[in-house]
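By letter and in written order, the chains are A, B, C and D; residue numbering begins at 1 in each of them.
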Amino acid sequence: MSTFGTLFRVTTYGESHCQSVGCIVDGVPPGLALSESDVQVQLRRRRPGQSNLTTPRNEEDLVHLQSGTENGVTLGTPIGLFVQNKDQRPHDYSETDLYPRPSHADWTYLEKYGIKASSGGGRSSARETIGRVAAGAIAEKYLHDAYGIEIVAFVSSVGKIHVPSSPPSTSPQTSGPADDADEAEDVLSQEFRDLLHTITREQVDQHTTRCPHPETAEKWSRSSTRLPIRIIRAKEASDSIGGTITCVIRGAPTGLGEPVFDKFEATLAHAMLSIPATKSFEIGSGFKGTEVPGSKHNDMFVKKEGGGLTTVTNWSGGIQGGITNGQDIYFRVGFKSPATISQAQATAQYDGTPGFLAARGRHDPCVVPRAVPIVEAMAAIVLLDQILIQNSRKAAATLLPRITTLPPSMVIPPRD
Amino acid sequence: MSTFGTLFRVTTYGESHCQSVGCIVDGVPPGLALSESDVQVQLRRRRPGQSNLTTPRNEEDLVHLQSGTENGVTLGTPIGLFVQNKDQRPHDYSETDLYPRPSHADWTYLEKYGIKASSGGGRSSARETIGRVAAGAIAEKYLHDAYGIEIVAFVSSVGKIHVPSSPPSTSPQTSGPADDADEAEDVLSQEFRDLLHTITREQVDQHTTRCPHPETAEKWSRSSTRLPIRIIRAKEASDSIGGTITCVIRGAPTGLGEPVFDKFEATLAHAMLSIPATKSFEIGSGFKGTEVPGSKHNDMFVKKEGGGLTTVTNWSGGIQGGITNGQDIYFRVGFKSPATISQAQATAQYDGTPGFLAARGRHDPCVVPRAVPIVEAMAAIVLLDQILIQNSRKAAATLLPRITTLPPSMVIPPRD
Amino acid sequence: MSTFGTLFRVTTYGESHCQSVGCIVDGVPPGLALSESDVQVQLRRRRPGQSNLTTPRNEEDLVHLQSGTENGVTLGTPIGLFVQNKDQRPHDYSETDLYPRPSHADWTYLEKYGIKASSGGGRSSARETIGRVAAGAIAEKYLHDAYGIEIVAFVSSVGKIHVPSSPPSTSPQTSGPADDADEAEDVLSQEFRDLLHTITREQVDQHTTRCPHPETAEKWSRSSTRLPIRIIRAKEASDSIGGTITCVIRGAPTGLGEPVFDKFEATLAHAMLSIPATKSFEIGSGFKGTEVPGSKHNDMFVKKEGGGLTTVTNWSGGIQGGITNGQDIYFRVGFKSPATISQAQATAQYDGTPGFLAARGRHDPCVVPRAVPIVEAMAAIVLLDQILIQNSRKAAATLLPRITTLPPSMVIPPRD
Amino acid sequence: MSTFGTLFRVTTYGESHCQSVGCIVDGVPPGLALSESDVQVQLRRRRPGQSNLTTPRNEEDLVHLQSGTENGVTLGTPIGLFVQNKDQRPHDYSETDLYPRPSHADWTYLEKYGIKASSGGGRSSARETIGRVAAGAIAEKYLHDAYGIEIVAFVSSVGKIHVPSSPPSTSPQTSGPADDADEAEDVLSQEFRDLLHTITREQVDQHTTRCPHPETAEKWSRSSTRLPIRIIRAKEASDSIGGTITCVIRGAPTGLGEPVFDKFEATLAHAMLSIPATKSFEIGSGFKGTEVPGSKHNDMFVKKEGGGLTTVTNWSGGIQGGITNGQDIYFRVGFKSPATISQAQATAQYDGTPGFLAARGRHDPCVVPRAVPIVEAMAAIVLLDQILIQNSRKAAATLLPRITTLPPSMVIPPRD
């Protein structure tokens, strides 16, 4: 349904052409400095009309906080907020009255509810994500102020053009069945790992595609306009193209994630796959990690400065056994090519009559640049919820009298 | 935590070396014929010791239903069940007392709880999945009896050896930057799509690796033993190897999935990523679908025999806008290489002292064959829960007086 | 937290002096005719300033539906709605800055959150209930249209003045220890049972106190003003007085309530005790039923016209074993006397300094007349949620093949 | 359904005549010393057959912990536990095959599920409460060890015989309309308040009826047998009688309870009304508090030794605005007279045929003495869950930088 989270809980509402879209954010820690501008900055990054790469429907998307703060500080009570839908034009989509858009939600919504919003995508519209982004911005504010946590997402591929992440091949693909050989190289190149460890939102936003890798951005760009050619090409072909977003969370504490069903990566995958148009998710080494032997894939432990352990490598993506280990958490989300395109498609009407549908109106040829703050928002929501739950456990354990008779194998006391 | 689901709800308990492992299954539809053998069949498929490919720890894993049925029929009340842990040997893992296993849950559990089970993997053990498989078998029984739904998972890759799924390349990879070209071919080959549409569990179980593709199984096998050489090789190297499991659900009704946060694929991803050792998930075209233009990726509609619509292709994997469309639902889950290996690894003790750890005991060099029924179980649990929720909505809508004044764009009445 | 319900789910926001108060209503059945006036009618009944019995703060409380409907019909998607807070005067409660109001939430909110709204009651204000009433009105619209269910609440006591509900005493209280005697009389008088069975909202609203019993209303009233003297007296004394509300649900189907923790009366009690100022709840015979022997208290079965069974009496209040039996569901909720009074009270400041607090401003001397629609709303929310859950189970059971071999004791087939 | 709680979560299973009854307790704080005897002590108090007042069905009810502890300490993972059903006699209740017991759950279970357990009360049996009591004992162990919290319940009435709680009447009920007079006296007598503040389980258990008030216990007793005559009388009449249980929680921290829907008393009422046979709940002054003017009912604040505030009186029952204030939390729960009695009742068969039912077998004439540990258990479960949630918030708030610019009315800093 439209509520997500246990202790930090977001509930959203709103279709594409109704009065407003918004959400209620419950469980916000009290005493947090928060103003509308903290939310607006991420809504602005989500907005369409930022360049000629995205749909020119020019909404201002100004957020209005309704409750839960006073004098710029959170009260701990629910924060209601909304953004007006300014673009409520009368219904003019005559062809989509007859045709469900292929691979869009028109037909499945009708199957599910027996009724559907008459204009636009209804609840499956991208405007639905405004509530998520706003809630995520609130979560992020807390994560930053209390923990110094940084969450940065960026576009890691458009179509077949990927930010390079594999290490240079040491063994040229020569004789012998390659699929029978052990994977000798690392999962990710040192350069990509450095990118994950240092990337900032400012760097991400320097290019309109939100790709922080100079060579790839260059490859995507025409020298004069510096626009990504892959997206331009899709647009010119009245077509669309998908892509992937990689996201990194830096500074998360250890111990987050609730076995066995709410492992950190499980709730993260839930959150990411709930974003419109997503179809895939991988964390750490992901699918590639299925091909690397354990001896190569395992992240060896080493003493950490300041106490405790850390790992030498981080193919696990910061999570082991469903629980964070203090390393960078990184994951990748795949967005399919947008379903609404303006070239004619041979499909069928709602009643089965075959025909051709060419979507009118203006549509994003590629959504991944705009989806960057949405991925960040959902990551922040998951992270804060898991922190609140784990904090509760730690506080509870701290209050108990210490049991001194446990065997070392259960508690691993300091040894000298 | 250890509960999953809304109306069909599973709660599990149990560590690797405690008295028993089990679960409580709540929300089972009343009036379902159910006996222990319905559950046992899937537990048997999950069991280790089925061949020399998996750990020889020979448990019988007999399930004991405790409640919720009478005369072989469900009462609608919770079903408690358990399987004894017969292999409760005294703690003898002296080295894992000193060393957290790299990429295993030993250290993160300690960070999370401040205490951990002294022997074995505790709650992160594969034995935890017994409860899931049992609950899934109950869900499946209902899905089969009420809807004729079939759920079949199989091993689609071990290491780098994949069941071929790409169509034959029509354009030989020649001139021009390949990453700049539109993806002209189909996402999946016709052969693989046929496999998805027809595969049965009997076929899957014909090979010990649960790979139903003859050529790949052949490739994996030594002629004499018919054992998969990739796994044998890992075992002989005291190493381990990962793989992927592909699963298909056939016969699911339309309309399942709860926007916006509990989209069908979102809850499915949640369920799959909660299985130990999983790191990645994709549904339908998945990551490959990010590279295919919308015009090629869209599943065109066509009239369905018997009424309604269906799609010509099914790159969406049976889900559009987070809601099932009646097509086959197929998805792929990646399992990393098992962390516990018996070759020596240069790592650190809990207190940071560097050293070498070589895991004693017997460990699976590859878990994917055994994980097949676990994937099926979690799929069944998600599916039944979503069916119950959607049934509720449909029943509610049916009771309302029909509104006859709605514009066609909202309801799409039959047209002639 | 601020979300209530499983399939029909309400989330509210809003303090007394913030921008607006409102809610998101998720899980509304699709295809329901719904307009703002359906909601407004109950908000109007909740409003203060309806007479000189309640606080004259004259809000208009106009509801604004934001989403989830189109052309006056629900889409099945969440309904966002809000009511402006028009009375956002600058903070002028100087004394309540120093003094936490005795028996109000000022001090406990500060203990809980470490911070509190500076003016008015914050989230503990009666304005919080606007979201509940709006959500309840939506639930009621469905319950009425789909089931013909009627929910009517009324004031059954103010202070010590109760609508008479006991039967006339047959045995004059004479010799012998009365507490040792069996309760010979009925739990409720025939007159009161008739009232429960026939009372309408129109009858309830005929008197400003929402007491539908003519004699009691008369007793409460001054001949000239027809105002309830008990409330007038409290007002004139700068004091306050509590009361009880009795509510009846007529027409609910059998089978509602989810054992063992979400029995119908358990969720109903949860809902009622979440209303501000409530301290007690009883269903059916309630506390009086603890004094009546089983032989007298049991509701005997009898054949029902049209099939099935019903009960001769209904001391159970329509619920047996936590599950509705088709009879009228009736219950009573106790509201303590309002905490905010304008007479001086000897209490302490936040820092412990003793002193006197006399609340300024205008305050309800008695909240029960205004609380009538709040009780109805929470009852409707509980009822619809339970109906949706039970409908899901029934739909699931219906799809199973009928098992013909069950013993009669499990299914009770028709006998001739 | 059969799961209760958010962070401390109990899921139960089991019918009266199945293999076993039990539960899974999730969210137990790690590092808690816990053994089976901690649980057994409360199960023993719940057992029937403790005296000739209760049913002689002599179960031993030995609990078997299955998981979640090692070396007598909790691991933080779920605790599975069960108690064998030893009394699984073949079905012999021929009359209850034909007749649904009046005011029992037989008929409503059949209406709900379309099927029912053939023998005994199925899931509505008192044996269902074993899981609750076991889970509550675990919660209590934590509450005791970490907070020193004490929870004590006792029987406060049987039939019409009540432990006296009203203060002595100062004004003899003479002239004038009593219902028009302000309530001049206190809500509870000083003696009863002292009882609440000091009562121990040892004192409660000194009498078989678990009534700690000597005069009342005396009144209930025959000199020779010291058995409560009211219960004996019911038994001899083949009848049954209800009663009330009062419970006090001492030592709970301030700030517990989650507005607006999960106020402390709301979740407590939910928990209590989920216990079989309960029909009413009141906290603090309860229904009597509706009759007392605010000036009399308000609990005035006073400086607390050691800092902070407390209240002079405690008519609120330790909760204000839905949040605990550190005072004793006390509440009362009403249990109706048991439905199963052995005298003949004129009722109808399942098919509507009129006839007489006299329940065979042995049945409790009064359940309240045995229900004492059940009330304590549910109170402990609610309390621990709320503590865990509030601890999470406090921990979250503590990590934020302190905002120094807030007006005093929001934070009330110390004043001199």
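Methods note: a contact is a pair of C-beta atoms (placed from the backbone, for glycine too) under 8 Å apart; a residue touches a chain by one contact, two chains touch by 3 or more.
Here the structure is a predicted model, which means the values were calculated and not measured.
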Chain whose Cα centroid lies at the greatest distance from that of subunit A: D
Shared interface numbering between subunit C and subunit B [over half = same, under half = different]: same
Distance between the centres, which are taken as Cα means, of subunit D and subunit C, whole angstrom: 23
Whole-Å separation of chain centres (CA-atom averages), subunit B against subunit C: 45
Distance between chain centroids, defined by C-alpha means - subunit B, subunit D (Å): 42
Residue numbers of subunit A (touch at least two other chains): 1-3, 7, 12, 27, 30-31, 70-71, 73, 76-77, 112-118, 123, 259, 393-394, 397, 406-407, 410
Parts of subunit B lying in touch with subunit D, wherever the complex brings them together: 1-3, 7, 9, 11-15, 18-24, 26-27, 30-31, 64-68, 70-71, 73-80, 82, 112-118, 122-123
Subunit C - residues contacting subunit B, complex: 6-7, 27, 29-33, 70-71, 73, 76-77, 142, 145-147, 259, 387-389, 391-397, 399-403, 405-407, 410
